[in-house]
Amino acid sequence: MKFTIIVNNAPYLSQSSDTACKFAQALLEQGHELVQVFFYFDGVLNALDNSEPPQDDRDVIENWSKLAEENELDLIICSSAALRRGVSDKLAVGFKSDSLGRFSKAVTLSDRVISFGT
Amino acid sequence: MEQKTCLFINRRSPYGSTHASEALDMAFALSAFEHRVSLIFMDDGVLQLMRDQQTETIGMKNMSPSFKAWEDYEIQHLYVEQASLETRGMQASDLLLDVEIIDSQQLAKVIQSHQFIFNN
Amino acid sequence: MPTLHIINTSPNMRTALQSCLRVMHEDDGIIFIEDAVISVKKDTPIAELIKEKILTGKCFFLKPDLEARGIKEESMTQGIKLVDYNGFVKLTIEFYRTQTWS
Amino acid sequence: MPTLHIINTSPNMRTALQSCLRVMHEDDGIIFIEDAVISVKKDTPIAELIKEKILTGKCFFLKPDLEARGIKEESMTQGIKLVDYNGFVKLTIEFYRTQTWS
Amino acid sequence: MEQKTCLFINRRSPYGSTHASEALDMAFALSAFEHRVSLIFMDDGVLQLMRDQQTETIGMKNMSPSFKAWEDYEIQHLYVEQASLETRGMQASDLLLDVEIIDSQQLAKVIQSHQFIFNN
Amino acid sequence: MKFTIIVNNAPYLSQSSDTACKFAQALLEQGHELVQVFFYFDGVLNALDNSEPPQDDRDVIENWSKLAEENELDLIICSSAALRRGVSDKLAVGFKSDSLGRFSKAVTLSDRVISFGT
């Protein structure tokens, strides 16, 4: 089955980004296809480069980067939401900035679109 | 391209966050890319449609003109939940647009008739 | 030494107002700002919740947030007080401390 | 074609659950994740709210979130179903669409 | 330096956000800098004190050990609101620390005895 | 009277940052002293440089920068909250990253400490 996942919240402020990442991992392990992970609203803040969480806590952004690398995933942040918030061109590994049009294409190709947070 | 039926459930007050305005941007974008988009306003989302919003003093962009852009897009339906209006002491005449006012059971059926639901 | 309670989220969407009312002293004041200003509407479940507090004359609303949301004076509960940003600052001085509820 | 409703905030703090229950179809399912998992506790106001839904056998809770919050099996309402992340994925396939309530 | 009396009102569930854990960091810092700090747990904040939290599967840092750091700081009081426990079907024996369980009216008095209130 | 203001929420996600800025302006116009504006939790995201909101909307971050310049204010973001979230060293005009100790000193000097958001 073909999934698109939407991440609507900033990392750390909300557990939603963590849950979305665990969910994405589980669906990939089950052999499903992840068409796109789209980051909207404050979700675009998941792409900030060079975050350094405390050593004894998890690294939300790195978890996404790893998942993207291992599975050749598209992690797309909405360019206009990112521009508004000052998320610059230098993004964490695996993230790309693109338009709502790119998201719209993912919707076309998907059997399920699942939102995490807001 | 395969069109999908997309339903936006708008539950947030305007201005307290950008959720209301950015959700509209997404709805318009999906509509521009040939998806079939409808919107439901419920809970505090009904406040997005209030007439006479004046945002000069809070220094934020007025959302009301965005709703006139409806006509440029092929938005399928605009629904407002009756119960949400009542709880807030509001009536159809308070709203800046003609909308379909429906009860909660009709709303449940609207949800069932769409493929994808977007919440905000 | 009374407290000014600041509510900034909608009591239709969150339960912060109930918690605030539960631990509020009778001399305390309360100001509704941002999405919380919807509480001003008369004849609603929230109006009922804050009825007694309004009678004490210490229920304030931030006027710019009311105007932004198109809420008209004739739809407001009687007895509430409107303040602008200057009035908000003055309230935080008049009361001894503030407590924010989101 | 039933819907899976996803609740991710605490019904003690927000009113999303009430809105969800109001517009939910009787065939729909509901999964409580993140801060919403506190809804699992028996003999509470929330347990009362979702009582009927539990009887339909379509009330799910994300187990890792329950464990994180130290909620023990003996304090849970009977009839609820626990799932892990894999089970959560399967539910989103079993139901036709999802709707998230925050 | 003038000491202030600071009260933290912790109303959030742990793990659903970092609010709970970052609020503790701030409380400890104010205490380390000679302010007189107390904490109230109410609403879903009482869940921060639940015994037997197991966070391995959600992949987040367990908050419980942080509470043992109390003893290194001069935290004045730890209060828990009785009504918040009851609503959640919880009892004092569910908590990992000895705390002062107080009713809502006592809580109102605690607030009145502090200069600054911090919410989260 | 001496104020410290705490901003707890990200810009745009929440109106709290806007309100805090208006409140700060009003208290300064009344002749009060603003000891510090401290940004905590997701409030540190107010310091992101180079944000570009839509032309017809307000620029929350720039509003803070202007207020700081005109009034020689300290806009302090919490360094550990910033590090965790990937808010880098290059901050918008008027913002500085510093420890909770710096905030603690502001508390010492203040008659009122007022929180916006969370």
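We call the chains A, B, C, D, E and F, going by the order they appear; numbering starts again at 1 in every chain.
The rule we apply is simple: a contact is a pair of C-beta atoms (placed from the backbone, for glycine too) under 8 Å apart; a residue touches a chain by one contact, two chains touch by 3 or more.
What you are looking at is a predicted structure, and each value in this text was computed from that prediction instead of being measured.
**Q** Keeping to the contact definition above, tell me which chains border both subunit C and subunit E.
**A** D, F
**Q** Taking a step as a move to a touching chain, how many steps at least join subunit B to subunit C?
**A** Counted as steps through touching chains, the separation is 1.
**Q** What chain lies farthest away from subunit E once each centre is taken as the mean of the Cα atoms?
**A** For subunit E, the chain whose C-alpha mean is farthest off is B.
**Q** Which chain's mean C-alpha position is the greatest distance from subunit F's?
**A** Measuring from the centre of subunit F, the most distant chain centre belongs to D.
**Q** Pick same or different for copies subunit C and subunit D, depending on whether their interface residues overlap by over half.
**A** Looking at both copies, the contact residues mostly coincide.
**Q** Could you tell me which pair, A-D or B-F, is linked by more C-beta pairs in contact?
**A** Between A-D and B-F, contacts are more numerous in A-D.
**Q** Could you work out how far the Cα centre of subunit B sits from that of subunit D, in whole Å?
**A** Measuring from centre to centre gives 26 Å for this pair.
**Q** How many angstrom between the C-alpha centroids of subunit F and subunit D?
**A** Comparing mean C-alpha positions, subunit F is 38 Å from subunit D.
**Q** Can you compute the centre-to-centre distance for subunit A and subunit E, using the mean CA position of each chain? Integer Å is fine.
**A** Their C-alpha centroids are separated by 32 Å.
**Q** Touching two or more other chains, which residues of subunit B qualify?
**A** 11, 15-19, 43, 58, 60, 116-117, 119
**Q** Find every residue in subunit C that makes contact with two or more other chains and list them.
**A** Subunit C, residues with two or more chain partners: 8, 12-13, 15, 34-35, 64, 84, 97-98, 100, 102.
**Q** Subunit F: which residues touch two or more other chains?
**A** Residues 12-15, 19, 22, 41, 54, 57, 80, 84, 115, 118 of subunit F touch two or more partner chains.
**Q** Using the contact rule from the top, write out all pairs of chains that touch.
**A** A-B, A-D, A-E, A-F, B-C, B-D, B-F, C-D, C-E, C-F, D-E, E-F
**Q** Would you pull the subunit B residues touching subunit A in the complex into a rising list?
**A** 1-4, 6, 18-19, 22, 25-26, 29-30, 32-33, 35, 116-120
**Q** Quick one: which bits of subunit C touch subunit B in the complex? Just the residue numbers, please.
**A** That would be residues 8-10, 12-13, 34-35, 38, 41-45, 63-65, 67-72, 75, 84 of subunit C.
**Q** For a test of understanding, state which residues of subunit E touch subunit C in their complex under the given definition.
**A** Interface residues on the subunit E side: 9, 11, 42-43, 81, 83, 104, 107-109, 111-112, 114-117, 119.
**Q** Can you list the subunit C residues touching subunit D in their complex?
**A** Within the complex, subunit C contacts subunit D at residues 12-16.
**Q** Help me check something: in the complex, which residues belonging to subunit F touch subunit C?
**A** Interface residues on the subunit F side: 1, 3, 14-16, 19, 22-23, 25-27, 29-30, 32, 112, 114-118.
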